[in-house]
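Below are two complexes that have chain A in common, paired first with chain B and then with chain C.
Moving on, here comes the complex of A and B:
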């Protein structure tokens, strides 16, 4: 496991808000802090709308004014704070230091250019390579990604490829400049399970050994397979963090416990009542109408009086913490 | 719109431009129209050097019907209709294309800006567009040409200034639609600048409807030029098809050839352009390409 003392990426107290049409303002990320070490993979897990994708876009500095704004916090990549950079400086980082893979590989590729042109484009723009050099590198990358007939695929348009092939092209575009940080936003959600496994294997194999990776997902299986450490998000808060083993085997937050209880277990399939799977009762609260205090408290069956005020981050050991009053009380 | 330069490491199965051409050529009416239009363009380019150099010269008896002496007859001043037609082709195409280019620059520029940046920029530019849109086109163009000296370039300017609005609105609509798509975000995540996203990412995706619109626009510009010269608002020393029709309009019942041949020339040219636009629309749509 990577050394936690000199992280590649350190996000501290990141707060992102969006202005709504009626003059309301919602806080999509609330004081989010996380670190990713060299060569480490951090899983970010949570339900739809918990702020996972906004976190990815905020790190890329793609949360756009006038509606979306980074209100406070720092995003340190290496020695520099990305929040302090201007747009032109940020453009030099994107694609070079920061690579991103999106959820839906068909819509993330430009339909009018061949995949070779799209991969080569990144190289030509950032590394100043000629068209021929960039194409050769692109071809090399497609070979490494085990695309069948890479020479042929280089000249294919995105719509001519299957979902798995398209996602490999996205990976090629994100990794072609060997970024320090790779952000994968649900990279396999749109793919079927066998392709998902191939993509994960490729991601492990091909990414530069020293680079950091953030894997955003709602799938505990993906986190268990890919990540070293995990951050659980709920309604814009980091509610629990720790190594994957710690979080999966002894979840501390009632929400994490509920989420893990929802993962179907094939070894005791008989315990499920006919046709039902366990679930976390209730729904994610609307960000325009968050409850007082802990955002999970209305759904929490162990909520206590104190839960109407915001719980602190309760440290539970090195790199492990939970945002819950129960942990504070039990400590 | 495909990029024409082939990639060089492996011989590609088919170069993008070749694919475009093959799809286009499979559309027979479009191919036929292209051949006819090339003929008209060649006539406009080289014809004036072959036929009599001055289309205004009175070379024959007035109102001579088409015959061996005058292929398409002569007009009421004894000017040769065929000579005028060839000279007119040059002017008409020049004005049509120049006015279309001007319209494109204004229309796509304003539409792209408005659609991409949105908000205040969008509101301002679209109100300006609507202001231009409510002015009656022909009247506005007439006012512009009469206010200044009636030169060819004034006509081009007038046609461009009155016709860009629909193109701006279409471009804006396409940009608004496309900029929300994920590949634009992906391009930004790969470090592309606003300029590059506009020109390289969004514009090529907006092209199919714009190409159709632009080719139709060439036709509209040619018709506009014909209307203005019919009304005698263009340079009277430059022969155009509209000028021929306008000058001979009183002789239609006695000498139909003086009016119908330039009219036919306008009809065929505009029709060819429309058919080519249709063919290009198919050819530039990557989803219709089969490899």
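Moving on, here comes the complex of A and C:
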């Protein structure tokens, strides 16, 4: 499904830093590059602190001074570099070209406006619809999202809805202007598994066929279910990329291998006896105190001398690469 | 050999609704029975609001049960008071979900682990210190960590501290209430292995409460599935997950996103959300979401019955439902 010639979104060499109170500066994204094609879903996977949510915020241009800065890189959406746009121009892109769904719908919705008003606001602001027109479109959207009693829900406040319903409202707001790109940052992490399944189905059904999605998650199951291609992140770096099948069935980076092996899989139960789950030793390094070279090397049981310098992005095939010296040595 | 027998446990919460309106009752746990066996793990699984955590808390009297018995030997924990209850609690310890809020930020790691020993009056300050060092090492930390405060630890390390604190009084029962849910997967694997190692060495019984079916299958000998306060299915882990009898268990399993790209995608899809425990549907509480529900299901509540050897389910049609793959 990958559109080879001109992707919808192309992030190239994106580096984002945050200034801490103590005067330290941490690099949260380090030369991150990725593409998303038309109609494609890209999974971005990694553990807490790997930079995956910052990536979403940076694409939305919600990483802002004085603390956060896009130091270098480009974010091309179509023929436009979002990094070069000013805030007024960006406001025209958000909601229209770029939609975003956050992890915690309760804190992302305004508690003092009804659900209908919040969805309608997007249309009134961006499409200049009247209150009545916008409200009718909002109702239509809630119907598509299979919210029970949509007429009543239009007049409900966020706290009156369940978690699954709130996330449907977030999706309605994100999709009401049919954005080219939808960024979903852990959209189901706060939800029960049966509701997660409903939300995933909706995200597959309701998106326009040409639109693209970036799904940010820590769950390889979610990636396998939803995405076409995947990027694995560690300590601000893209360390592996490829199609979901390539990465899930033959992970190349020792970290990806560890991440896949350490989660018990209900469909492959019995692979590991109790107490013998493969572990990735140690913890994710602090961004204020990153190791020399490959950030994973202190935890890697196959680290070699070379790993004290940053490994190159080693190409393994079309759209497939890994940032690891072992791959370079084996080549 | 049973270390703890929970019999017909029910927990109700009253909700006040203003001065003049009649309060309502949440039946959080209803008629739950199970046994804990030394050296083995019972998994308790279900979605938000199913009563799994309340069951764990009530079993150690951190909240009061409305009816039922919790038998430790020949004594009913629900009837104990004062010093007796405190001594009994040393036999049942708990590890909570959130390693941030469940540790006292003003105590050092050593202080946190020593606190239960001090409260129970175990040993002298000197022997307690030695015990703290030993516990720190058993959970994969070092004695030097004893001087640090909780905020100086990572999430995974904090959960190790919570485990060390729980193990300090040498309990016979360890309750893990979503103990690995807040952890990143790599850290989760470390903590699961640690728990398994500790259980093998010390032989405590474990009640493992979690919403994560994959983790529950991995750690449990026996598994109970709860829905809206009641047990809907119970069997040994392999039987339950290989051949589930209750449509809710089937739906839970088919909702888990699978890494198996070649798994056929014929799934049971549930409509709607879990009903509110304030307003439990009539008959079978699951009937309004159940794809197999018949007229009978909305009228008559199915009892938990043994359908096959050691495999219990509360469904009128258990064993007669074709399970889609």
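The criterion applied here is as follows: the second predicted complex is superposed on the first by the 318 of 331 C-alpha atoms of A that agree within 3 Å, B and C clash if a C-alpha of one lies under 4 Å from a C-alpha of the other, contacts with A are read in each partner's own complex, and residues count from 1 in each chain.
Convention: a residue touches a chain if its C-beta (ideal position, glycine included) is under 8 Å from a C-beta of that chain, and two chains touch if they have at least 3 such contacts.
From a predicted model like this one, the values you see are computed outputs, not experimental measurements.
**Student:** Between chain B and chain C, whom does A:302 touch in the aligned arrangement: first, second, both, or neither?
**Tutor:** Neither partner.
**Student:** Kindly classify A:224 by the partners it touches after superposition: chain B alone (first), chain C alone (second), both, or neither?
**Tutor:** Touch partner of A:224: chain C, not chain B.
**Student:** After superposition on the shared chain, which partner residues are touched by A:284: those of chain B (first), chain C (second), both, or neither?
**Tutor:** In the superposed model, A:284 contacts chain C only, not chain B.
**Student:** Just to be sure I read the superposition right, which of the two partners does A:111 touch: chain B = first, chain C = second, or both, or neither?
**Tutor:** So A:111 only meets chain B here.
**Student:** Mind working out whether A:92 is in touch with chain B, chain C, both or neither, as first, second, both or neither?
**Tutor:** The answer is first: A:92 touches chain B but not chain C.
**Student:** A:148 contacts which: chain B (first), chain C (second), both, neither?
**Tutor:** Touch status of A:148: second partner only.
**Student:** Is A:198 touching the first partner chain B, the second partner chain C, both, or neither of them?
**Tutor:** A:198 sits against chain C, while chain B stays out of touch.
**Student:** Could you pull out which residues of chain A sit against chain B in one structure and against chain C in the other?
**Tutor:** The overlap between the chain B and chain C interfaces on chain A is empty, containing no residue.
**Student:** Which part of chain B faces chain A closely enough to touch in the complex?
**Tutor:** Residues 1-3, 5, 7-10, 12-13, 16, 119, 181-183, 185-193, 196, 200-201, 204-205, 207, 286-287, 289, 291.
**Student:** Using the touch rule from the top, collect the residues of chain A that touch chain C in their complex.
**Tutor:** So the residues of chain A in touch with chain C come to 47-48, 148, 162-165, 192-198, 200-201, 218-222, 224-226, 244-245, 248-249, 258-260, 262-270, 272, 274-281, 283-284.
**Student:** In their complex, what parts of chain A are in touch with chain B?
**Tutor:** By the definition above, chain A touches chain B via 60, 62, 66, 91-96, 98-100, 102, 104, 107-114, 116-117, 120-122, 125-126, 131-132, 135-136, 139, 151-152, 154-157, 159-160, 170, 173-174.
**Student:** Would you mind writing out the residues of chain C in touch with chain A in their complex?
**Tutor:** On the chain C side, the touching residues are 47-48, 154-157, 184-190, 192-193, 196-197, 200, 211, 213-215, 217-219, 238, 241, 251-261, 263, 267, 269-274.
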